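Chain naming follows the written order as A, B and C, and within any one chain the residues start at number 1.
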Amino acid sequence: MKAGFSLFNRSELLFLVILIGLIFIVLPFGLDIFRLNLVGKYLTYAFVALGLVLCWGSGGILSLGQGLFFGLGGYCMAMFLKLEASTPEATKIQSTPGIPDFMDWNQITELPWFWEPFHSLPFTLLAIIAVPTFFAFIIGLAMFTRRVGGVYFAIITQAFAAILTILIIGQQGYTGGVNGITDLRTLLGWDIRTDDAKYVLYFVNGGLLIACLLLAQFIRQCKLGRLLVAMRDQEDRVRFSGYNVANLKIFVFCLAAAISAIGGAMFTLQVGFMSPSFVGIVPSIEMVIYCAVGGRLSLFGAIYGTLLVNYAKTVFSEVLPEVWLFAMGALFIGVVMAFPNGIAGLYQTYLEPKVRRLLEVGGKEPDPVDTSSIAARPAE
Amino acid sequence: MAAENDFLLAIEGLTVSFDGFRAVDDLTLYIDPNEIRVIIGPNGAGKTTVLDLICGKTKATEGSIKFKGQELTAMREHEIVTAGVGRKFQTPSIYEDLTVFENLEISYPRGRTVFGAIMFRRDQVVIDRVNEIAEMIFLDGLLDLRAAFLSHGQKQWLEIGMLLIQDPELLMLDEPVAGMSVSERQKTADLLKKIIKGRSVIVIEHDMKFAEDIAHRVTVLHQGKVLSEGDMERVKNDPKVVEVYLGH
Amino acid sequence: MFSDYTMAELGSIFAMQGFAGLSLFSVFVLMALGLAIIFGQMGVINMAHGEFMILGAYVTYLCSNLFSEYLPGLFSIYFFLAMICAFIASGALGMLVEWAMIRHLYKRPLDTLLATWGLSLILQQTYRSVFGAREVGVTIPDWMMGALPLTDIVEIPINGIFVMILTISITVAVYFLMYRSGWGKQVRAVTQNRVMAGAVGINTERTDRLTFGIGCGIAGVAGSAFTMIGSTGPTAGQLYIVDTFLVVVFGGASSLLGTIASAFTISQAQSSIEFFLSGSMAKVLTLLTVVGILMLRPQGLFTLKVRR
């Protein structure tokens, strides 16, 4: 048993290189800007999937309300951009110039207090992380210290996602309602709708995704990651080994929320609007399936799963929209019944032995026991 | 009051009722430092519930549990562990998806907060301690094996090892030899005799020979109350005990 | 918000909203009864429960069309036959699903949740393909039309009363089935100790399948009743599923009385607030309150303290 710490083993390092190559070289050169922007949008969901690997795959905590955090992050960004687009000059035809157009349509004559701070970009960037994390903390604190877990937690997070959606749609004067916050134009004067800007945003998004991947991998490789797995299997044993289980859960839930929120903010920037249709029950549970298809135990798998499901969704929606729901339903059932560890599980069963043999040529034998690949039991 | 401080564990007037049913009823029990106490009693006597109450898994309805003068009933589970109480469950509860090494490492008492767990590094001190414990519990050759692949007896040993690495002052074992083969049973008895030195131990056991082997004193529980207490010889000849075990 | 109204007006408002709440209550109870059996007794999360209900509604719709086409003479009583058909159809589908899917997932509740969500998507799209995306309504027999005037401002629609009576009858039937019949005893034996139940000669697999089937069948009957007060669309089931789960959890998952009490509380709260605030705010407030209370008392309102 070696002392010390390594972030990646040999084959994971190879995955990282392949993923970086795919995101930063192959896709940008292979696709036109319209398609690349689409991939960028898919990749924002991958943030949520990464969070779910930590929370659900490692820790066994299934949240069906991740759209809540994705949405909060996205809305924070959208509020800043909307305020920037609503200068008194640009909105002088309104009865109250200088406030977002949807507020004017709803006979609101003054900017609500909670919109005020979003004039500032530093505040906005802070809020993108802090607001969802705060909500996750409150939910986590209330639920985990009361030992609410499993399906109860799943249902209650789902209720939260529903509550936020109803609230956004109901309070359209403050939130833009069912259409969301649209018509976003510039970030500090820089037009985000041009092709150049879309390229830049794509690369920023990719960079952030890799950073979050590294962060998540670090968490999984340190003792906290093993504690999460331990907690998933034998919560009481962890508790009676002197750990405050609730704190561990709250932390990982908050971390997953923060990562999801970054994805939400990047979504707003790349797509140019944010609406409640990315917040509620249906999108939240869809994000779970991205993670499940890729493999709930694999960070890389989660990213590929997200890309694959969204690509399939786009193709189906263009060609055979009515088949898509069937395919989606079958995906849920199939992944759970036949491939509980998703693409990553299939890879580990069929391809990994071969890859491992290839890697061993000219290298030291890799550590035969690595926790990420053996922790391959579906969470209960 | 002064005498109370001499006990490692002082349970007084402990009662817990589940919807009217008193599983433990006005129980009083004192454990000395370095004492090995065996608790026996028929099924449903409340033995496991007593351990649950001490380690905080179940909250008491009434009464007090003092451990080195600290009131355990007011503490949360992990605080009780940190105070020095370790507990082994009846069925082996280990982390099947982790290796034997990782199982022991997680139980090593360092980095128990969230940030402590993030900053925790596997240094030589940890590795040496894990190796030492692994040798004691007959698993030194199996450190890299996933715990799921261990036999039932090995899992029981691993859990004992996980407690041992915490070095608790009070160790509570719930039927440690249940479900073991004869040879495993013998090895476990030897192991227990080795590890009980320098600490207090409460053991729940049905195996009378095993109990007689290790016990300093025996407590017989019946219907949530202490039926008899004392050394094994006395307890065995107590007519009340004979009545409960053989009477019907 | 109360200051604008006189006491008499407030009384009438609460009475009217109370009755509106009772319709919602009926829907909640009918859906929750099936869930209380499947989730409360078996511990299975069935996200497709709403779709089983909608199946019952569509079966009722088909029966209504068949009767008005071929047996107009019997139209006034078609509903009772439709209810039986709905029970059989949803129950049979439920047993099929249990056999093909659920029984493999008993030890993985979170996975059951995902798989049944997938099932709900498939069923929704099936309904959309077969019956169209638009909502359909059944023709209500003449005797169910109209309303009973209670005071000059308060009127009670007859179909509402009918659904109420139906709800009460089904509840009583479920109670007797669960707590007074041999089958109910078997179900509870299997949930409490599967191995032991098997050892004393209960066919646990068959009991599971039948339990799931009956839970789904009751959802079908609920859907049938639902057509009397609202129209049916492919996604109507999904609208209620989270609310219904909250109802069941709020009441304490395994307590039938708790389920009914919590359905009553939630529906009454929601429809009373609805009059003063917008419908969406009423729902937000109700959900937040329920979730808030659940955080304080996660085991639900009506549960026994047991050794874990």
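The rule is simple: contacts are C-beta pairs under 8 Å (C-beta built on N, C-alpha and C of every residue); 3 or more make two chains touch, one makes a residue touch a chain.
Source: prediction; values computed, not measured.
*Asks:* Quickly list, by label, the chains bordering both subunit B and subunit C.
*Replies:* A
*Asks:* Work out per-chain C-alpha centres and flag the one nearest the whole-protein C-alpha centre.
*Replies:* When every chain is reduced to its C-alpha mean, the one closest to the whole-protein mean is A.
*Asks:* Would you identify the chain whose Cα-based centre sits farthest away from the centre of subunit B?
*Replies:* Looking at centroid distances, C is the chain farthest away.
*Asks:* Using mean CA coordinates as chain centres, what's the subunit B-subunit C distance in Å?
*Replies:* Computed from C-alpha means, the inter-chain centre distance equals 47 Å.
*Asks:* Need the CA-centroid distance for the pair subunit A / subunit C, whole Å please.
*Replies:* Roughly 34 Å separates the two chain centres.
*Asks:* Would you mind pulling out the distance in Å between where the CA atoms of subunit A average out and where those of subunit B do?
*Replies:* Once rounded, the distance between the two centres reads 43 Å.
*Asks:* Do you know which subunit B residues sit against two or more other chains?
*Replies:* Residues 57 of subunit B each touch two or more of the other chains.
*Asks:* Across the complex, what residues on subunit B touch subunit A?
*Replies:* 55, 57, 76-78, 81-82, 86-87, 89, 93-99, 101-103, 105-107, 109, 111-114, 117-124, 127, 130, 143-144, 146, 159, 162, 166
*Asks:* Which subunit A residues qualify as touching subunit B in the complex?
*Replies:* 1-5, 219, 222-224, 226-227, 229-230, 232-234, 236-245, 247-248, 251, 368-369, 371, 374-377
*Asks:* Over in the complex, which subunit C residues touch subunit A? Could you list them?
*Replies:* Within the complex, subunit C touches subunit A at residues 45, 101, 104-105, 107-115, 117-125, 128-129, 238, 242, 245-246, 249, 278-281, 283-284, 287-288, 290-291, 294-296, 298.
*Asks:* Taking the touch rule as given, give the residues of subunit A at its contact with subunit C in the complex, in rising order.
*Replies:* On the subunit A side, the touching residues are 56, 60, 62, 64, 142-143, 146-148, 150-152, 154-156, 158-160, 162-163, 166-167, 169-171, 281, 285, 288-289, 292, 322, 325-326, 328-337, 340, 378-380.
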